[in-house]
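This report refers to the structure that appears directly beneath it.
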Amino acid sequence: MKVLEEGKGRLFTDPDPDKAREFFRHKSRKLENKLMPLKTAIEKFVHDGEYLAIGGFGANRTPIAACHEILRQGRKRMGFAGHTSTHDFQILCAGEVFDKCDIAYIIGLEARGLSNCARKYMQSGKVEICEWTNYALAARLRAAAAGVSFTLTRNMMGTDTLSYSGGKVIECPFTGKKFVAQPALYPDISIIHVHEADIYGNCRIKGIMIADDDLARASKHVIITTERLVPNEEIRRDPTATRIPYYLVDAVCEVPFGAYPGTMAYEYFSDEPHLKEWLKSEDDPEKFKAFLQKNIYECKDHYDYIELNGGIHKMNELRQKEHMLHKEVANG
Amino acid sequence: MADYNTMELMICVASRELDDGATAGVGTGAPCAAAMLAQKVGAPNLIIMFEAGGISPLLPEMPISVGDSRTFYKALMATSMGEIMETCCRGFVDYTFLGGAQMDMYGNLNSTKIGGEHQKPKVRLPGSGGANDFASFCWRMMVMTPQDSRRFVEKVDFVTTPGWIKGGNSRYEAGLPLGTGPYKIITNMAVMDFEPESKRMRIISINPGYSLKDVQDNCGFELLQAAKITDTKPPTDQELRILREEVDPYRYVIGR
Amino acid sequence: MKVLEEGKGRLFTDPDPDKAREFFRHKSRKLENKLMPLKTAIEKFVHDGEYLAIGGFGANRTPIAACHEILRQGRKRMGFAGHTSTHDFQILCAGEVFDKCDIAYIIGLEARGLSNCARKYMQSGKVEICEWTNYALAARLRAAAAGVSFTLTRNMMGTDTLSYSGGKVIECPFTGKKFVAQPALYPDISIIHVHEADIYGNCRIKGIMIADDDLARASKHVIITTERLVPNEEIRRDPTATRIPYYLVDAVCEVPFGAYPGTMAYEYFSDEPHLKEWLKSEDDPEKFKAFLQKNIYECKDHYDYIELNGGIHKMNELRQKEHMLHKEVANG
Amino acid sequence: MADYNTMELMICVASRELDDGATAGVGTGAPCAAAMLAQKVGAPNLIIMFEAGGISPLLPEMPISVGDSRTFYKALMATSMGEIMETCCRGFVDYTFLGGAQMDMYGNLNSTKIGGEHQKPKVRLPGSGGANDFASFCWRMMVMTPQDSRRFVEKVDFVTTPGWIKGGNSRYEAGLPLGTGPYKIITNMAVMDFEPESKRMRIISINPGYSLKDVQDNCGFELLQAAKITDTKPPTDQELRILREEVDPYRYVIGR
């Protein structure tokens, strides 16, 4: 197939759907209890050198508890999908967890500002990078979810984003027009935070999906952290509401407030003062080291961290904030 | 005459560009404020879309993230980023507002890096996010930015997001959807559009308190001038009242 | 782009996304009342010579009332997407509505048998055909929904289905493997039956989606027939449940029992004796002519038809049948 | 020995091929009966998927359509056809059962047309439906069909659905996913597989009451023979009881 132009970026994963098929062929389809502690799930399914993707959108429905645990377990040399990542990226940079990064959106925390720590790490030369866009990475996951090696998009053309990406400009055999072929992205492991799941991994998500439906389908292994467990009968009562089917999932971890200090729509709003404190603490390396010790490394789990930052009283405040926004919805 | 700051001016001027019944893909901050103001003044039927999946929410206040709960509060649909971008790519979205650390005379934007090697930049920036996508797909791309020569440069360090590329027909020759492109640039000093043939940035109106010379002096490249350059209509009392009391009461944006 | 192999089938629609964009650019995005009688909707948006697609799956959640109205209004020379079509196809053949057909599944009514009338029409030489598969047509709608000119699939290769299709086999620039490029399908008009819609066209669908999400997105015009209207506030109460956003929709028609004699999950089950009677009546052309006169042409609307076939008593029976199947769900 | 009819025999034999914890894409009729029987006998964890979108329902009875309410009754998920086929294409679906008006020695199936011009066929059939998709994507494709020379032909009038194409490595050379292909053919007279090198159909077991000669006499092409041809194990009383009482009490399928 004639390629008109191509980016010089390196692909950190193999887009070959037959290799992925060979893996999925042997993945269990049994309805079995996948409930385990988050610590165990990270030990079993997140390994040095593998390619990691995190669900949600920045500090919204993001598995923050899992990000902390990855730091505690000291994962290194991973590849990372810097896709709509904000606070999750900030955390993983603090642990220097990855040395290869597909970039769509990094370093920033949207309206909150930029992470000095993440910026320094990305300017250190320690990380091999490849440029994309939010939709390009979503399209790459879409290709993998569909079991093919690429999908077409109409973005990136004419820019340096394309030149430093792994995309290729091809000519359509039907229209003669140019499109970017976005290579399938099959992460080794993805972690997604959801509202409800059963012990087998059938999941429900309320509100925006972002790219988590395709992320779960594209990933070889999936860890689910969930605000709460529901019985399988509840899943079967309303099959229309299932967003992630169990056979994609390897581990189910019940982690209430698992997206704290981010927002979990319909559950709790973000802890903006704590996120500000975090950003601020990055200004002084020594101060930040101590901050990480206190908030991550010396915490046994996510609940130690929550306890340090206001505990159940704070959680209730954040519920009220979200509830305020969603009075009718919450009652509806 | 009403008293207002730079941000208030830009938001009011930008909001007038959004016509009733149009669709707009917006981010947080000033663009969202402009869209909310438009809805409350001249464009009640303006449809706001957020890249994370929120479609036409009844925004209770400014979101701090394009994916926070407010972006789909009482929305018509809460969907995926893929669907939002596909909707833009199908031609359903009229406007988008973007920004960047640098912009050139063709409206190409840089939000990726400044200086150094690509793998070891002097200053790393967030990257495209959804900017390249919105700018490629939406019919009319606009930019709201303070005007100075460090932002308006002859050559951007990295073209993250497409403007008119190299001008002329180069944007479409590159393969981007026909009919799309940069539309208006709104700064604290002036409003610019792009000359139809060369696609170079062109001054069309000057904001109150500034001169043609101010605008050119604070731009790193030569600006074209429209045959008739008008005075930008200052914010009305109604615009300012709604902006301050209803859109941004906590001055998250207009307080900057 | 190098094409390794291509089908000889003709494309009945233009896959160029820029032409579609130009159309969608001028389609209204206003939130306006689109409520109208079905008769009016068919008059306004279904025209001779255009390309038509019908939602649902055969006799499941299919807008049968709309199919009858199309016959009453005598549409001709249309293109048709023979996609998972069964009873709808049988009806449209009886009216010889189309003379161009993209074929995935036609003529059959699944376990119920084959339609003689449809078969004769497809053997008459009056219809220009192009072969596809159920997934190929779904993939063509997906391409249109994504605003690009094709998507990749791994089906059809090595078969006559490909040779008589409009697909092209291309070589992937990343893996060197072969894939079928399925050209975007942008129907001029599609008709979809849903459970709930507001007057603007925001729709909810319960149970399987089949390909109706992409069908609505790919189509230039969309007519919605709905079992019931809901207030816009109800749509906004749960935006996660919206499946079709209003701006895709041109007409909203409230048509309770609009899928009769087919199944509408959670509402009513199919009228199997009537579907048998229909198939049987096709054995004798004279008898069938009379059958159509009685059940379609001499009916003012769908309710005359329902009245002829048991009226409200029959509808309640069919509700009971469905309710039996869905006790928990219905009560849930 | 239990008394049973041809359909009951084929369903029982087919059901034994479905192992516990596997996934199967099935249609209505005999394939669905075989899958339901398997769930109630040896494979309680067999996951059934229907092409219209139903995943793992608790089937209350046989569906009359692959999209009727039963196909997602108390299902784990009710989704789209696209997702079902994508799940197959990703390699998650192990088995599928198909049929056709004609089949050749490589398991290629015809359900499109017989005789005449393509645009004006002598006999038009339904076409691929999801058959070509399932046969292309699922790891193991099986066929349940009565055996006679008009169905088992030297050359099919139209290759609707891929078997081993022209044998040997031709299926993968054509571009179909590696490792997929026809697995077993179950008829009223015998069970066949495909010889690993040539990919030609091969007799591996003969059903009760039939001879090798019967099988070959009712096939339009030469069948290969396994080194050791066994006797097909007849339906057990348990299989027949469950099939008749629980799977198909109204004899929709086994009554044919």
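Each chain carries a letter (A, B, C and D) given by its place in the written order, and its residues are counted from 1.
Operating definition for what follows: a contact is a pair of C-beta atoms (placed from the backbone, for glycine too) under 8 Å apart; a residue touches a chain by one contact, two chains touch by 3 or more.
Everything numeric in this text was worked out from a predicted model, so none of it was measured.
The interface with the greater count of contacting C-beta pairs, when A-B is set against B-C, is A-B. In whole angstrom, the spacing between the mean C-alpha positions of subunit A and subunit C is 37.
We define each chain's centre as the mean of its Cα atoms; on that basis subunit A and subunit B are separated by 28 Å.
For the pair subunit B and subunit D, the distance between mean C-alpha positions equals 58 Å. Rounded to a whole number, the gap between the C-alpha centres of subunit B and subunit C is 40 angstrom. Touching of two or more other chains is recorded for residues 54, 72, 74, 78-79, 89, 137, 177 of subunit B. Residues of subunit A in contact with two or more other chains: 17-18, 146-148, 153-154, 177, 179, 207, 237, 239-240, 328-329. If the chains shown are joined wherever they touch, the resulting network has some other arrangement, not a path, ring, star or complete graph. The full set of touching chain pairs reads A-B, A-C, A-D, B-C, C-D.
The residues of subunit C lying in touch with subunit A in their complex are 1-3, 6, 11, 15-18, 143, 146-154, 168, 170-175, 177, 179, 181, 183-184, 205-207, 237-240, 328-329, 332. Residues 21-23, 45, 47, 54-55, 57-58, 72, 74-79, 86-92, 94, 137, 139, 177-179 of subunit B are the ones touching subunit C in the complex.
Residues 27-29, 51-54, 60, 63-74, 78-82, 85, 89, 108, 112, 116-133, 136-137, 158-162, 165, 170-171, 174-177, 252 of subunit D touch subunit C in their complex. By the touch criterion given at the top, residues 56-61, 82, 84, 86, 103-108, 110-112, 114, 119, 122-125, 127-129, 131-136, 138-139, 142, 153-161, 164, 169, 177-180, 207-211, 213-214, 263, 265-266, 269-270, 272, 322, 325-326, 328-329 of subunit A touch subunit B in their complex.
For subunit C in complex with subunit B, the residues that touch the partner chain are 17-18, 20-25, 27-31, 144-148, 202, 217, 235-237, 239-240, 242, 245-247.
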